[in-house]
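Here the chain labels run A, B, C, D, E and F in written order, and each chain numbers its own residues starting at 1.
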Amino acid sequence: MEYLNQKEQEQFSQVLEAKQIKDYTNMMFNLSQGCFNDCILDFTSSKIGEKESACLTRCADKFFKHTQRVGQRFAENNAKLMQ
Amino acid sequence: MEYLNQKEQEQFSQVLEAKQIKDYTNMMFNLSQGCFNDCILDFTSSKIGEKESACLTRCADKFFKHTQRVGQRFAENNAKLMQ
Amino acid sequence: MEYLNQKEQEQFSQVLEAKQIKDYTNMMFNLSQGCFNDCILDFTSSKIGEKESACLTRCADKFFKHTQRVGQRFAENNAKLMQ
Amino acid sequence: MSFFGIGRGNQSVNPQNIALAEQEVELSVEIFNRMVSSCHKKCIATPYKEADLTKGESVCIDRCVAKYFDTSKVLGEHLKKIGEQNAPPQ
Amino acid sequence: MSFFGIGRGNQSVNPQNIALAEQEVELSVEIFNRMVSSCHKKCIATPYKEADLTKGESVCIDRCVAKYFDTSKVLGEHLKKIGEQNAPPQ
Amino acid sequence: MSFFGIGRGNQSVNPQNIALAEQEVELSVEIFNRMVSSCHKKCIATPYKEADLTKGESVCIDRCVAKYFDTSKVLGEHLKKIGEQNAPPQ
């Protein structure tokens, strides 16, 4: 983004902020739907059981750690490409 | 949407209408593709057979009834959350 | 697009060009992800092997030929509908 | 309320309000669409033997929607807990 | 047609026409993309043993596209019938 | 650099630069999201037995990302070769 002057950078950071909110929302929707699909397998009840609830939280934790690790490797590989 | 004044509501209802057309179109695309994927399994002919045709219409009927039922429960659950 | 006058057509062709770049980019992302999913099955190494590499290029070639053939049939069927 | 054209008459349109309302609807539609998709996979059996929802499918849909809402609640509470653990002590 | 700059010369651009044309193209592209995706799943065998489409794959693609168009027709007619049944009698 | 308000002070905003920067970020995010999705399918085992990534999952993710980048490279080079073959001789 070196081609942006200071004024442009200010305006771009506003655009970026709106985009980040949208991306975060999308990530949370993907997380919810993915963990629902993987953990909620029983429809003999309309309440989430203890096992399902534990599965959901493990799924969410793992999802964040996975995303974070991919992010680190992504940044490293990108940096290598830039050299 | 209680925060909208009358003029804003008028303008919003126009925005909403455009969005509804888009959402409806998307739903119809999902319906077509989903029913095609589920019902058209035989590629020894380029014409849709009677069985496939019957499967498609049942698939569409079920899709609408499913969507409608999810919509009813969605509204009820949402209303409960608002209380 | 017969309802567009000359000036509108000029403006539309600019809109179209931007859209085509976006569509092409999306196609390339789908190609990469699809071929990665289908060809990269072994994670005991972080380097792509010869077999995987050959699979990737065959996958890409087939993807283009498939897309092209669907495009031809799509155009023909569309033309038939217009008659 | 309008009185001799005073009041409601000079309302102005704030584009941010329109955008906010639009966003609200978009989020709702997105959640609904994902629910429709997930519950279709969970509850509707293929091949389609009949045009109506069976009793079993109907009950499954009701529970599926309830559990989808519950999932949001469970995950929301969990995220809040994580957030608090990571927050610096006051 | 332009005659001494009269006629074509003073055409004005109606943004609604541009938007309509854009929408038309978008619908076409969307349908095409879904067809490519569905027919790839139906017709292209993995693992990819060769770079060319086999005879079987080529024939399958042709039929797949034809059947995808037919599916739209069958569903369109069915929806029309449903619509008429639900419409109030005149 | 600004000197008595001269220089930086009269910078103007070129909307095309903003759009370009936006596009650049969008492409990056899109690639990242697809990587997250593909590598989740390849590396994360369900049912979720623990909240942490196992050693095996962590190693798999690292290799998956490396191979995803490599895939782009292999395909990019292949496309370039195809393009050259199809280009008319000078």
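Heads up, the rule we're going with is that a residue touches a chain if its C-beta (ideal position, glycine included) is under 8 Å from a C-beta of that chain, and two chains touch if they have at least 3 such contacts.
Source: prediction; values computed, not measured.
Engineer: Taking contact as defined at the start, I'd like the list of chains shared as neighbours by subunit E and subunit F.
Structural biologist: Joint contacts, listed by label: C.
Engineer: Counting one step per pair of touching chains, how few steps separate subunit A from subunit B?
Structural biologist: Graph distance in the chain contact network comes out at 2.
Engineer: Let me check something: if the centre of a chain is the mean of its CA atoms, which chain is farthest from subunit C?
Structural biologist: D
Engineer: Once you count every C-beta pair in contact for both, which comes out on top, A-F or A-D?
Structural biologist: A-F
Engineer: Counting in whole Å, what is the centre-to-centre distance of subunit C and subunit E, each centre being its mean C-alpha position?
Structural biologist: So the centre of subunit C lies 15 Å away from the centre of subunit E.
Engineer: When the C-alpha atoms of subunit B and subunit E are each averaged to a single point, how far apart are the two points in Å?
Structural biologist: Using C-alpha averages as centres, the distance is 19 Å.
Engineer: Mind checking the centre-to-centre distance between subunit C and subunit D? Centres are C-alpha means, answer in whole Å.
Structural biologist: For subunit C versus subunit D, the centre distance works out to 33 Å.
Engineer: Could you put a whole-Å number on the gap between the CA centroids of subunit A and subunit C?
Structural biologist: Spacing between the chain centres: roughly 27 Å.
Engineer: Please set out, as single numbers or ranges, the residues of subunit F touching at least two other chains.
Structural biologist: 43, 62, 64, 66
Engineer: For subunit A, which residues are shared contacts with two or more other chains?
Structural biologist: Subunit A, residues with two or more chain partners: 39, 57, 61.
Engineer: If you start at subunit B and step next to subunit E, which chains follow, in turn, all the way round the ring?
Structural biologist: B, E, C, F, A, D
Engineer: Which residues of subunit B touch subunit E in their complex?
Structural biologist: Of all residues in subunit B, those touching subunit E are 25, 29, 31-33, 35-37, 39-40, 43-48, 53, 56-57, 60-61.
Engineer: Spell out the residues on subunit D that touch subunit B in their complex, using ranges where they run on.
Structural biologist: Touch list, subunit D to subunit B: 8, 11-14, 17-18, 20-22, 24-26, 29, 32, 35-36, 39-40, 43-44, 46-53, 57-58, 61-62, 64-66, 69.
Engineer: Spell out the residues on subunit D that touch subunit A in their complex, using ranges where they run on.
Structural biologist: The touching residues are 27, 30-31, 34, 37-38, 41-43, 59-60, 62-64, 66-68, 70-72, 74-75, 78-79, 82.
Engineer: Can you list the residues on subunit B that touch subunit D in the complex?
Structural biologist: Answer in residue numbers: 1, 3-8, 11-12, 15-16, 19, 23, 34, 38-39, 55, 57-59, 61-63, 65-67, 69-71, 73-74, 77, 81.
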